[in-house]
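For reference, the structure I am asking about is given below.
As written, the chain order gives the labels A, B, C and D, with residue 1 at the start of each chain.
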Amino acid sequence: MCRWLAYSGTPLLLDTILYKPAHSLIDQSLHSKLGVETTNGDGFGVGWYSPEHTDTPALLRDVGPAWNNRNLRELADHVSSPLFFAHIRASTGTAVQQTNCHPFRHGRWMWMHNGAIADFHRMRRDLVLLIDPLVFSDIEGTTDSEVMFYLAVTFGLEKDPPGAVARMVGLVERVGREHGVQFPLQMTVAVTDGERVWAFRYSSQGASRSLFYSSRVDTLRKLHPDMAFLRDVSDETRLIVSEPLGDLPGAWNEVPESCYGVVQPGADAMHTFTPEPM
Amino acid sequence: MCRWLAYSGTPLLLDTILYKPAHSLIDQSLHSKLGVETTNGDGFGVGWYSPEHTDTPALLRDVGPAWNNRNLRELADHVSSPLFFAHIRASTGTAVQQTNCHPFRHGRWMWMHNGAIADFHRMRRDLVLLIDPLVFSDIEGTTDSEVMFYLAVTFGLEKDPPGAVARMVGLVERVGREHGVQFPLQMTVAVTDGERVWAFRYSSQGASRSLFYSSRVDTLRKLHPDMAFLRDVSDETRLIVSEPLGDLPGAWNEVPESCYGVVQPGADAMHTFTPEPM
Amino acid sequence: MCRWLAYSGTPLLLDTILYKPAHSLIDQSLHSKLGVETTNGDGFGVGWYSPEHTDTPALLRDVGPAWNNRNLRELADHVSSPLFFAHIRASTGTAVQQTNCHPFRHGRWMWMHNGAIADFHRMRRDLVLLIDPLVFSDIEGTTDSEVMFYLAVTFGLEKDPPGAVARMVGLVERVGREHGVQFPLQMTVAVTDGERVWAFRYSSQGASRSLFYSSRVDTLRKLHPDMAFLRDVSDETRLIVSEPLGDLPGAWNEVPESCYGVVQPGADAMHTFTPEPM
Amino acid sequence: MCRWLAYSGTPLLLDTILYKPAHSLIDQSLHSKLGVETTNGDGFGVGWYSPEHTDTPALLRDVGPAWNNRNLRELADHVSSPLFFAHIRASTGTAVQQTNCHPFRHGRWMWMHNGAIADFHRMRRDLVLLIDPLVFSDIEGTTDSEVMFYLAVTFGLEKDPPGAVARMVGLVERVGREHGVQFPLQMTVAVTDGERVWAFRYSSQGASRSLFYSSRVDTLRKLHPDMAFLRDVSDETRLIVSEPLGDLPGAWNEVPESCYGVVQPGADAMHTFTPEPM
């Protein structure tokens, strides 16, 4: 399993979010509290959009742990972004290699995942065969997460993200059950096109991995008028995280089971998530 | 493209073959003379059988260049083996990662390859679909070479190596031509079960990458009675290499176009290789 | 801080000691119970003597975590040794690089360390200046552990290991106190020449990191007559470990504070350790 | 030996300079024409100043070859900078590790080097002892290049770069000659504080490695009125390179033997370089 975070809002130095908080993602790489594993040291990735070059996000991914990676530390100290993903990996068996590190990218889209397809080893062939042949050869790694991404691409991610994810999940559940797997999927997923972020929390069993979103900044400012940090970011600023980055009262809200949130210009939204039978 | 060597014979410290020769494989990683690229620095691998643990070969593979790898240097200085493969990689585009480094292993079998499937990116899906579903999920990397290996496994490598390779080649050529590729395959391949080594030289175009085998040791001893090295190895000892390791007169013989050799207990053999239409 | 083990006895596949035990060193890399950190993921190293090539030990060291390293897994499955060291690192700030991974080697000697020189950053220059100029340029990394090793070499490690270590400790304590450091040194150290192993437990504060040695195999056999493993190893076989590899009653004994043990042909020995003022 | 380039001028995407030119630095990592080695695959580094965070430059350094590094490719595609250094390394024996990759950094200063101190292994101790104790512990690697940098820092680099470098060279030559080395130093060096770039070409033997600077952009525009690229960059834009990035007539000028250039706001300058006896 893994831990991840998605940031959208006022452009910030990555350091502000990745390293500074008390229970930052880097801290979680060593001491996750809510994850299946306490250690998430099997590679990491950061993907960010830069104001000048918005056609595709940039990726920094490497196979060692995030906590001791100097290039990540350098980037975090020198790069600002209005929208970025970060992910730390705990492999459930597949190889520790750059192409298995999240986020995955397709054009200007990014995808990251915490969870697993149960018995993926047995289902892998059936699932990859259902990926659009036009994108099949873009698969570079061997994770369930990347297969889920390309299935979602196959099912229209670029036009209708919630629908495409619902169809991907419906398919994985069908194929899983054909293989006799009772609860085929466990996932929290974030996906973005650089403008909006969709974050899904779902599992076949109805007992999904944790997922939280930050409260509205204007609300937080009233609760904590002394926190300088909150004065520097816009009301629109939002974080979605596998586990809270600290203990600030009122700051974190759980994404409900079988739901997805949309972070977007204007009011954000929360919806029920239902897999689409395929 | 890549460079490789296969050794079979008197157990030797790997160093004797990997580093000591004037134009050793390590030297070829920087200065290949006959390869498509002069530099082969996109990862390497060594696979060896040890006398005590013969059920599977051991693999050391890494993503950096062979020439500066300290773990390879350490192994070469301390490990002896009667049968080993070594490979240095020049990527033709696929990711530089451990799971794309040769040799590949399946049970007690090892496989390594120099060459390429032309337009592999376009053919990849069609080819992997033809791999036996029982071994499909053992594919860990993204190279044409590994797909060729699992196709050969699918077609009976463990029972009939030359036949399985002939069928694999026949298949690749058919699929390639269906995709409009005139010359789908270029290969020199070595495969072993720990007892025998089969080495193939073939290309659809009839213009295959170079491949050489060493002369019989007893013949070489007569030619070079002063070479101490030759007194220490058995008559059975044999090397197969992408390019000669030095200039010793009489030492190296080209494997003819569209042929394969078998290094085995008793007399070695050379046969014509013909793809089997699939 | 770190975790380590030293094995001496009947030649065994490294896997038997490194991976098989319930709380193996590999398990400790993720879940150390007695260490300062629970995670030891900042590189690892194994050094082993092979029966055929006994002039120097072989080293495999790498910068990623031990728990996901495939080359370590391969070696452990295929290499046997009568005497080996293994070490997993948790960096206290110095770079995560191969030359900072233990064990360190000088000729046929190996050294590994758990602990730290307090305020090493400030003392580093004064300490390295006291290293014998003839070995100064052999320093390749930036750890306190390596400096301790070369100081011990400087003070006669190859002739009198306990005396050399006592002088090294005396020196570090003097230099530390000159810099106003109350408790300059914390260490468990193992050192070997391939024949004997010396293991030291000491700290300036008298509160040293844990260190254990295994009971005599003949004693253990009487306690656990049903354990097949114990029938396969000689009476001489001995393990020294940062923390026990399991819960076998009667198997593990703490090395007393300020003591060192010697594992050697014939009866092993335990002595008091006293730094030598320098 | 190595290859490097320094860029100063109109903020550009790193890709424009690192990858796009016909004989780019990335191409030089495989096929250097003027270097001692054709292959420069023992690590690389890029250091850049970003407009927003100008207190220190950011560094991306890694141990593999530049030509296959995906993180470098990503950065080059997404990061712009008005002043950056890039370096590809061919180790002359010291370890291939991140802390041995150039550029080196001290506060807001960066340093990179091509060349070598002859017999550095023997002189290393004498030289490091002459480094200011206050910066001694900042040394993280084992290269001659980093020792040269900290000697220059010791001798006043931050106040008088040419003077500090002249004293560093004078010192290295004296210590070298004390060790019986006839020609102790070979160097092209670039150093910057983020505002100005100093580039030195010198060797004890008077036969220095190649070094070139680009012609004034306004001159080039007149020579090549059809080159769109030249219309996008300011007159002030300047490149200094180990070897030309292409064959554009009139574009490249050799830095004369024993000289240094200064790239700065206003007119750039070229001066004679003379070591200062120490």
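Here, a contact is a pair of C-beta atoms (placed from the backbone, for glycine too) under 8 Å apart; a residue touches a chain by one contact, two chains touch by 3 or more.
Here the structure is a predicted model, which means the values were calculated and not measured.
**Student:** If you tally contacting C-beta pairs, which pair wins, A-B or A-D?
**Tutor:** A-D is joined by more C-beta pairs in contact.
**Student:** Indicate the whole-number Å distance between the mean C-alpha point of subunit A and the mean C-alpha point of subunit D.
**Tutor:** One centre to the other, that is 39 Å.
**Student:** Hey, what residues on subunit D touch two or more of the other chains?
**Tutor:** In subunit D, the residues touching two or more other chains are 70, 95, 98.
**Student:** Just say which it is for the chain contacts: an open line, a closed ring, a star, complete, or other.
**Tutor:** Chain contacts: complete, every pair touches.
**Student:** How about subunit D: which of its residues touch subunit B in the complex?
**Tutor:** Checking each residue of subunit D against subunit B gives 30-31, 37-39, 41-42, 63-65, 67-68, 70, 91, 95-96.
**Student:** Spell out the residues on subunit A that touch subunit D in their complex, using ranges where they run on.
**Tutor:** On the subunit A side, the touching residues are 13, 50, 52-53, 56-62, 70-71, 74-75, 77-80, 98.
**Student:** Quick one: in the complex, what on subunit D touches subunit C?
**Tutor:** 94-95, 97-99, 121-122, 124-125, 128-129, 133, 136-137, 139-142
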